[in-house]
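Below you'll find a set of structures to go through.
One chain, chain A, appears in both complexes that follow, with chain B as partner in the first and chain C in the second.
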Partner chain A sequence: MFKIFGSSSAVNKKKQKDKEYAFLASVISILVGLLIAILLLFLLEFAKAESDYSKPLIGMRNYFTYSFTSATTFSKIFYNAAPLMLTGLAVGFAFKAGLFNIGATGQYTFGAFFALIAAILWQFPWWAALLVSIVAGAFWGVIPGIFKAFFNINEVITSIMLNWAGLYLVNLLFYNLPKIHTVLPNRTDNLAFTNPKAILPDFGLNQIFNTSFINIGIIIAIIVAVIIYIVLEKTVFGFEIKSCGLNKNASIYAGIKAKRTIILTMLISGGLAGLGGGIVYLAGTVQYTIESSLLSMGFSGIPVALLAYSHPLAIIATSVFIGFLESSGSGLQGLYSYEMTGVILSVIIYFSAFALIVSHFIKKVLKRKGQSDGDQGDGPVIEAVKPETDKPKEQLETKGVVG
Partner chain B sequence: MDIFSILVSKTIVYAIPLLLGALAGMYSERSGIINIALEGIMIFGSLFSALFLTRGIMTSTLGQTHPQFVIFLAIIVAGVSGGLFSLLLGFAAIKLKANQVISGTALNIFAPSFAILLAYAMISQGISSIRLPRGIVMNAAFFGIDASTLPSWLNIMVFSNLYLTTPISILILIISFFVLYKTKFGLRLRSCGEHPQAADSVGINVVRMRYIGVLISGILAGIGGFAFAMANGSNHEPDVLGYGFLALAVMIFGNWKPFKILVGALFFSLFKTIAVFAATLQFLPTFGLTKVDNLYKTLPYIITLIVLAFTSKKSRAPKAEGIPYDPGQR
Partner chain C sequence: MDNYIIEMNNIRKEFPGVVANDDVTLKLKKGEIHALLGENGAGKSTLMSILFGLYIPDKGEIRKNGEVVNIKNPNDANDLGIGMVHQHFKLVEVFTVLENIILGAEPTKFGFLTTKETRKKVIDLSEKFNLKVDIDAKIEDISVGMQQRVEILKMLYRENEILIFDEPTAVLTPQEIDELMKIMKNLIKEGKSILFISHKLNEIMSVSDRVTVLRKGKGIGTVNVKDTNINQLSEMMVGRKIKGIEKEKNASTGEIILKVEDLVVPSKLHKNNAVNNVSFEVKAGEILCIAGIEGNGQSELVYGLTGLEKISSGKVTLLEKDITHKSIRERNLSGISHIPEDRHKYGLVLDYKLEDNLALKKYFQEGFQNHGFINEDMFRKHSERLIKAYDIRSGRGSTTLARSMSGGNQQKAIIAREIDCDSKLLIAVQPTRGLDVGAIENIHRTLIAERNKNKAVLLVSLELDEVLDISDRILVMYNGKIVAELNPDETSYQEIGLFMIGAKIQDKFKEAEVEESV
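Moving on to the complex of A and B:
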């Protein structure tokens, strides 16, 4: 799953080495996250009135096998991964410009709702409705960009404000567009009855596998990820974005229009999150219901981006992984609860915040150890690391890619 | 007239968690650590204090004779749990020099999930709402005042929603002002947020000051979470509905200064209360829309944005916030 991480064509060798560290760091974070999740289950069992210590192990087994029990649960991995990938790209793309788009959930909600307006009220086909969702998300995303560029207000604060404002605005629109909810008072009409053309195509696969969670959303998301990768790595605009993210003042000095870059970045970031919303609600499996708290999908994009160190192609892998975790969460229902996924995710993010530093540290320690008492690796991690650290630097830099 | 009294009293009771949260953020950011985890810490505080109150302590003799003392204990529980939780942020951000926003986000994702898991384990599988005891308002009788002698609007305005958290947080506000501006400790704390290397050069232990900043932040946010639980009624879901994030906005609104934060919290809370009561306030225009309360709910956020846009020139964040302390840097 993570092969894509290393096989991306590297620009220079220094970057390649950083990627190795990043890969190692992500793996360490994931392992620690899972370990702590099991420990926590034991602790929770301890807190219960009647403890049964076999339950955590059964729970974890169910957790990991659940996604492979049926075509529905398996296809749900990718069904979840598509919007995660897009919100992850939204967050990661903004990260590249040094912006923290915590407002992805608001943009996602906007995109979702306007896609439904396009589908139900305007009778658009699916691709046109997706375009509408991009525009709506971009509109809600560009506002923090404008505030950042012209008033220098932290985008975190504006996008938090806009998340809630957006949610209530969507609710207001919902109530004032009675044609969008003719059947139930707080749920949009089912697309299958109002406009089947607006449902994302599945090429008949759903019927073959007797499920309803297969659609081209994941393919669209992967294509978008590749486009974002090309924009970031191969275009002048991408260079400007990364340059602004690394040092805004130096970029301005070098002649880059930082304000324009910030606004455009947030515009694109919002569009990505909006598209994510469109893909979920045009799948025909869920309807938009009146919400009183923010939708979690936008926030889930943050771990997707963090775990991938904002690399667009790595986001493909991490979103599938997190899509798997989210799909697996249902396997814990009954014994524990779906929320276990959140705990695992949070621990993974917590450790990924400094895992890069720790993995550098491990390598340093190993190097020192290797110099003092010869080559005696005693673990898989050490073996993987050792050959490189023992080599002189020039040799190291000519070395290839992690498999 | 009574509706205005209710508005005022609700405004105050919902301003308290915002005030505490924003003060919490202020302590942390003044020491140089961005505390985006306020939301998570508030959830933690509300969770443990609510669990503490359900564990039969209210029905014990102590709870029957001195209910306010038990509430005081719950405040301590909230503060301690919030403080301990915030140390996770401190450890990552100070000791390991991790990205503060990322580790804060991790805590924000952890807290609500963990709260539900723990509530399931402690109460019953599938039930996460915690029943808080009723009748813990500090009413007129508590102060030895005969409620019937007061005009009804005054009684409603002052005593209908007066919890122990209200006077305590006002006390915290005043103490915060003195600590921050009139003590040696406050000066040192602020210097760590502005220029830690300079602070270090005159012998201030930056790491220690930052840990203290984060710890105070956690304690206050934990209490803020409890204040939210008290304000929100007797069936408490372990969640603070975005108040932690709003507190961050209030802190920026208040320009990292205690009394301006109070103004910001009251302002924000007022609009929020108006939105809640929009259906009953006849004089508010409906613009021909159905469910117009949703429009009023957006008002506090949009007005805050506009105010921020106009005041951004004067806005001054602590200079070194968000940057891990590196003694070798100049």
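Moving on to the complex of A and C:
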């Protein structure tokens, strides 16, 4: 309702302020999430017969220190962050074009599986296998884009359906390609034995630090994030994407081919998610197993993007943060069940998504405070209202005034 | 003092960066129509929103019948008997008229809706105030004029005694405006008091008793309408004298710029064609105006010409080049500039900066981009040049978000962008819609200047004044067809009106009609 009466304002100051609010809101959301998580743990203790109220505190302490206890746990932050960053970018990039790519998980699965096919079946080196994962993800991502562009079918619906279609297609392919699972019936062969050169390079760091979770995945992800940032902010293509996202009609009016933009956006978005899948499964630490439910990595990209307001560089930070939360989950092991770790993580992520609401709230509070502080509002007053200088006009006014 | 029903004393309201109302005083007498006059961005809507409880003033007091009242939200305003008809109606499209009227104040019995008595009350009200509405029709099916009457009934149903009309005539046809004026006078007779926001001087002169003028957030003064005249009011509103447009005729028209042959554009709303076998030409050095009541195919005609919508058949030739099946960008580049009718939907990317919006038709050209990378310096230079040349005012120059600019300046930005493309054909659809006197005058001058530069101008307008003022040739559209071609010097308001409502068709357009209906 207020929008109708919107008035002009000092935009840049406002923009700066908005950015501050956004950051503050993200931080507050995270803190609230943590607080709720702790409360939840206390509640759990309260419900037990033998309550041990030190347990939640120890748990939380472990949770936050765990990642810094060894090179393995520390490197796991980035090991987790790399695919999160890529799926986050996939979701965020589509958001910029006004599309909600909820199908990142399907594209991720596709990318993952084809990377493994390339690595095991075709004996590709790691970089070529990663390229295959991009192509596979892009293929699965462009389908909803095509449907959206040509038949105006909502991309959310098609991509949700394609998530499942993708998963089962991959499973089907898995069973029909016995060469990729020669050892176990439902698990792909270990890359270390089948094709070591398909494993992402670590420059010997894994040996030095005695771990297996260091690889160049995080570096690739960061480079990709920077590239996406440049594409969005500095190129004509990015200008068109954002324009379509902000106002499709005006973009078409200006001669931008909106259909082409939608398709390309989904192609790139899918490629990013696919690359995320490739990076995980080419690390050499996990094998693809037959899945009966959607992989969560694709969905985790959504909070990563939301928390970062879809800004590619901010996604670097938020993905590392969520990567940290995920890898820290192991710190609760022994004290709490695996499920409980999941609950805590979800609570934090859930509240992170409230960042937007919180940011509005902050604005409101600051405004109120500003007003009571003496009519200054929350923005500086610029010289929008210039004093009238025409003398004759004032005579006219006084003459015309009634009562 | 005693007979003021509402007093707003020394109201001040600031938004970040802007003082929207600065020490404004407005006093409404009981039983009067009080006009609030000012250009766009003068603070009229803000002041009324304060009275209606949408904004809280930073300073100042509101009194009702001499007592200070505190209006914190629209409910408070409603309790005080203040009702508002917004410029953009607030109606539920799929509900019936009756349902909309009782919405929010539904009479219930044991939790069930009881509409019987309400229905009678609403019918009584509509008869008493002569507000003709079809009580069981859905909002989406009724005319804009009737929707407005529904809004008025909503206020009456809530027994409001102070009625605020925010630019009520902006969306109405001439006939509907006359009707509204009658309704307003009726309401006064029944003891209501009306605040009437407008920037149309004729209406204010014809209907209101007193008028308060705002300019740039300041109260300029309150005058009795019978003691003033249009010139004085416009001077108070704009702050300078308004010169009428001197309409010098352009004697010579040049070559044919745009040729349209048997154009058919399908409608998105119904099965019939929105544009049905339309043929015409626009020549260099003329302003051809397409007049007609809204929804008679003018918008679709323009969409068809600019490529925003696919055409079913026909041929469009621009500068002897067939552009019938060309893309929008190809059309733009071959010489079409388009000032769209809906500047928020088509004209601007509201969340883009002004400089980005100004580059919207050029960003892909060499200089603006280099190997696919945007040349930000060029964007800025381009934007600074246009801002200066077209006097586009905004809080932060090139980096202002289009959304935060005033309507007039948004339109200036679009016009600057389109005219800067230096196209041979300029299509302007209702370029002055919702703008104030100063801005309208400015746009008319610009259009005439373009014509004088030997450009072809195709103007689509609903405002008859505009049509008669600046066009060189008039085509009237009715029901998807052209029904008349008129010379503005030889026709009259009444004559155009008859063609517009389909009461008359010129002979030379009749044949097509017969063929079509067979």
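One rule holds in what follows: the second predicted complex is superposed on the first by the 317 of 403 C-alpha atoms of A that agree within 3 Å, B and C clash if a C-alpha of one lies under 4 Å from a C-alpha of the other, contacts with A are read in each partner's own complex, and residues count from 1 in each chain.
The definition used in the following text is that a residue touches a chain if its C-beta (ideal position, glycine included) is under 8 Å from a C-beta of that chain, and two chains touch if they have at least 3 such contacts.
Note that the structure is a prediction, hence the values are computed from the model and not measured.
Trainee: After the superposition on A, what does A:F110 contact: first (chain B), second (chain C), both or neither?
Mentor: In the superposed model, A:F110 contacts neither chain B nor chain C.
Trainee: With the two complexes superposed on chain A, say which partner A:S243 touches: chain B (first), chain C (second), both, or neither.
Mentor: In the superposed model, A:S243 contacts chain C only, not chain B.
Trainee: Under the stated touch criterion, which partner chain does A:F213 make contact with: chain B (first), chain C (second), both, or neither?
Mentor: In the superposition, A:F213 contacts neither chain B nor chain C.
Trainee: Please work out whether A:W164 is in contact with chain B alone, chain C alone, both, or neither, and reply first, second, both or neither.
Mentor: first
Trainee: When the two structures are overlaid on chain A, which partner does A:F324 contact: first (chain B), second (chain C), both, or neither?
Mentor: neither
Trainee: Tell me the contact category for A:F74 with respect to chain B and chain C: first, second, both or neither.
Mentor: Neither partner.
Trainee: For A:T235, select first, second, both or neither according to whether it touches chain B, chain C, the two together, or no partner.
Mentor: After superposition on chain A, A:T235 lies in contact with chain C alone.
Trainee: Touching A:I252, do we find chain B (first), chain C (second), both, or neither?
Mentor: A:I252: touches chain C, not chain B.
Trainee: Can you name the residues of chain C that touch chain A in the complex?
Mentor: Touching chain A: residues 14-20, 22, 27, 41, 45-46, 49, 54-55, 58-59, 86-88, 210, 215-218, 220-224, 227-228, 232, 235-236, 239-240, 306, 308, 327-329, 332-333, 338, 340, 345-352, 356, 360-361, 363-364, 369, 372-374, 394-396, 399-401, 403-406 of chain C.
Trainee: Okay, in this complex, where on chain A does chain B touch?
Mentor: Spelled out, the residues of chain A in touch with chain B are 40, 44-45, 47-48, 100, 102, 147, 151-154, 156-158, 160-162, 164-165, 168-169, 171-172, 175-176, 293-294, 299, 302-303, 306, 334, 336-337, 339-343, 345-347, 349-350, 352-354, 357-358.
Trainee: Chain A touches which residues of chain B in the complex?
Mentor: It is residues 36, 88, 92, 96-99, 101-103, 105-110, 112-114, 116-118, 120-122, 125-126, 239, 241-242, 245-246, 248-249, 252, 289-292, 294-295, 297-298, 301-302, 304-305, 308-309, 312, 315, 317 of chain B that touch chain A.
Trainee: Can you name the residues of chain A that touch chain C in the complex?
Mentor: Residue positions touching the partner: 1-2, 4-15, 234-239, 242-243, 246-247, 249-257, 371, 375, 377-382, 384-386, 388, 390, 393, 396-398, 400-403.
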